[in-house]
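Report on one structure; see the data block that follows.
Order of writing sets the labels: A, B, C and D. Residues in every chain begin at 1.
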Amino acid sequence: MSASTPFAELSTTDADALIISDDPLHPANHIPTLCKQFYTHGWVTGTGGGISIRHGDHVYLAPSGVEKELMSPKDIFVMDWKSGEYLRRPEVFKPSACTPLFLSTYKVRDAHCCIHTHSQWAVLITLIVGTGKQNNGATDHFAIREIEQIKGLSRTGTGSTTIAEGGRKLGNLGYFDTLKVPIIENTAHEEDLKDSLEAAMKEWPEACAVLVKRHGVYVWGRDVVQAKTQAESLDYLFRLAVEMHGLGLQWV
Amino acid sequence: MSASTPFAELSTTDADALIISDDPLHPANHIPTLCKQFYTHGWVTGTGGGISIRHGDHVYLAPSGVEKELMSPKDIFVMDWKSGEYLRRPEVFKPSACTPLFLSTYKVRDAHCCIHTHSQWAVLITLIVGTGKQNNGATDHFAIREIEQIKGLSRTGTGSTTIAEGGRKLGNLGYFDTLKVPIIENTAHEEDLKDSLEAAMKEWPEACAVLVKRHGVYVWGRDVVQAKTQAESLDYLFRLAVEMHGLGLQWV
Amino acid sequence: MSASTPFAELSTTDADALIISDDPLHPANHIPTLCKQFYTHGWVTGTGGGISIRHGDHVYLAPSGVEKELMSPKDIFVMDWKSGEYLRRPEVFKPSACTPLFLSTYKVRDAHCCIHTHSQWAVLITLIVGTGKQNNGATDHFAIREIEQIKGLSRTGTGSTTIAEGGRKLGNLGYFDTLKVPIIENTAHEEDLKDSLEAAMKEWPEACAVLVKRHGVYVWGRDVVQAKTQAESLDYLFRLAVEMHGLGLQWV
Amino acid sequence: MSASTPFAELSTTDADALIISDDPLHPANHIPTLCKQFYTHGWVTGTGGGISIRHGDHVYLAPSGVEKELMSPKDIFVMDWKSGEYLRRPEVFKPSACTPLFLSTYKVRDAHCCIHTHSQWAVLITLIVGTGKQNNGATDHFAIREIEQIKGLSRTGTGSTTIAEGGRKLGNLGYFDTLKVPIIENTAHEEDLKDSLEAAMKEWPEACAVLVKRHGVYVWGRDVVQAKTQAESLDYLFRLAVEMHGLGLQWV
């Protein structure tokens, strides 16, 4: 390790080697960059929200309770994908309570990146749907159609745009498709969302995200680019739908 | 090509020479700069929207499906204006589905820059107009008058402010003029908008932009500065009109 | 002029010497910095709005029709305060149509800085007041009281906080004072606002700003800091009042 | 003091030594950084709002009436915690009128950082609560529950998440807890809020903040991170609650 590395202050243990890279797209560098960007979107203020990237056999995780816009690579937790053991665990932090949920999207949907936001637009959608005035009275999912930005979202959140399997359509949603995002009840402790999140992923095989009532949203993708594109597209649709609702316009 | 060029990592083929310049206003540099700025406006989130610049005999185009705030010159497509052949085509990307629409504004209106946004304010305008409560019931265009910012918009989108032709007024709109932007129906595939976009440009010879229902807006100009000024002025007016509508105020 | 000056590309004429300074607070540097900041506030998008600073015997002015966030010192006009002649006049630009209005605030109120914004909140206020539902039916001014931010505004816009004159109160408004901003009708040509702007300044001697219906606001101050503080405080109050109106809350 | 220090222009008196540090988290550096960030949140525009940090026996204070986004360490006041005397007092500024209020949070709650914002969402909350349509008619506090972001807030604003004392719950609020923030009346002079602020802190021992009607909010924490996390979480909740109210949704 040369003197010019930005992490020269870290002891170069095997664990720290996992977070030292010159590549800005290496998960240990990419997570802090994305968190700064998400902070400006209002997705992770007040230490809320989070992000995880699965990188080969390593799962990279932002810690619990940190100011997301100020994170650095040395704050990152690294878990072994196969054993579920932490390979790197910063002493001053606790692992994020979102960890089991991120892992669920990796296991159930073969995702490689999961973004969790507390976006106010996501929260408002869960409240508006609860009133039954949109969605034809259905209260367990958010549905919208015929908005161009829906094309930014894939079926299942990890589907390729070119492969079809057993007659089932894959790829991204089309303009005339209906985007549906299931909404699950919140729990007192975030880790307790695991079972209902997994159940929702199984019940809604085309969903690329799950809304959590009065809480926020979990969005996944086959890689960081897809997860981020879907998180942005969904937030765009959530805000648009809230504005539509405020103006008395129907979503579907 | 000196060692200090920022694109030293590219092979210096003829194609790449088209996107290598020290001039920040060269289209290959300008498009990424503008896309970063448009991202902060919420115009191109989730890889939506796009921009093209016609530069002499070359048409520069942002690719499909990329994170617009992270683009670099090497991502840019270059087309020969006369033949319509790609002179440069990055292997990892697909050409934008907006390409035929950008070209239509160049052909029909002699534009040299076209900006396409998914701005939520543009989408909301197309929905509000659809209700018939504004615009005296007309549903095929957005109309607003007596707002100072209207002066930021030219007749036809490419008119000079000094030339008059055959008695017809050119130049920018005045405060007491009515700005009208036609609204066309969206289609399943973006490239299929071409015919209706061209029809709208012909039916509305004073329009400098076309709104696409539940989708966004296409805005053009005789150069980048005019296209950008008009895109900003329109977005300002769209947002203002949405806020007015929410407060029960009439546009015209 | 050393080779390291950032304006080495300009010929060092007497005129250009007026805009060359190492001091970031020199008007030729300060105006571009402020315009960048105002752009992010949405005050000067689409080349709208403007700013002028009176600096000793020189009046510095942003040009007409430029992208405000991209201005540089070499774009600035400089006028001689006493003669009203341009000492520096960039060939590629036209002087701002706001020029006579900026000068009016200097003459009538002894201001040394005037900021003109197209803020949507300012425009909405002029529309809401026009409906007569706020302000007890008065339609020629915006009035609000008992909001802490009112303390950011001075009487007359150029009053000192320490001097009292002939028994008349000077200094900043108190929490229980009523802020009043006159609203004048817009005209087809910006320079034609001069007479009504001056009349409003005389009729409303405590006003530090004048709203222009369906257009924006002119705010002045005894120096840049005061003008900027007042522009920010007013925009805060305009937005707050619009939100209050939307929520059915009275301003006064 | 080496020639390379950024404050080489200051005489290195004992007083100035209090504000010279290479550590970006030293209060003299941290306060300007935070003020820049708060400015982009709209919390301290027009020179409103402020922040103070208690650092050992020294209290660091932003001055009155400065442009918060442009502050530098040399603008900072430093007070001796025990004697209440100023150890450093920049000649060109006046001490902030918030000073006695910041000190109250240090004395009554053992806080080490207090943030005061003029956030429009905070002001709107005090106005909405005043109408009695939310909160079951109670007008002296803001109450909200079952929103995930509530977990960003501690009981008392300075509680540890691990210590329990005499059977009374400490730590952060849970999802099913009700967040309550008392609202006090505003006064003509900010320093006159001291008694009612202290009374509110005593009457509401679980509050981590006090709203001031038509004015803003005071938020404290055991350190800067906690105060900032709580200020962000509260502002998130205030905005969410305003949006909910506008959409006809109840808070509790």
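As a working rule, a contact is a pair of C-beta atoms (placed from the backbone, for glycine too) under 8 Å apart; a residue touches a chain by one contact, two chains touch by 3 or more.
All values derive from a computational prediction rather than experimental measurement.
Enquirer: Would you mind checking which chain's C-alpha centre is most distant from the centre of chain B?
Expert: Result for the farthest chain: D.
Enquirer: Looking only at residue numbers at the chain A/chain D interface, is the share used by both copies over half or under half? Answer same or different.
Expert: different
Enquirer: Using mean CA coordinates as chain centres, what's the gap between chain B and chain D in Å?
Expert: 44
Enquirer: Hey, how far is the Cα centre of chain A from the one of chain B, in Å?
Expert: For chain A versus chain B, the centre distance works out to 31 Å.
Enquirer: If I count partner chains per residue in chain A, which residues reach a count of at least 2?
Expert: 246
Enquirer: Quick one: which chain pairs are touching?
Expert: A-B, A-D, B-C, C-D
Enquirer: Across the complex, what residues on chain A touch chain D?
Expert: The contact residues of chain A facing chain D are 42, 45-48, 65, 67, 118, 120, 123-124, 127-128, 131, 186-188, 212, 214-216, 242, 245-246.
Enquirer: Residues of chain B touching chain C in their complex?
Expert: Interface residues on chain B, with respect to chain C: 146-149, 151-152, 174-176, 225, 228-230, 232-233, 235-236, 239-240, 243-244, 246-247, 249.
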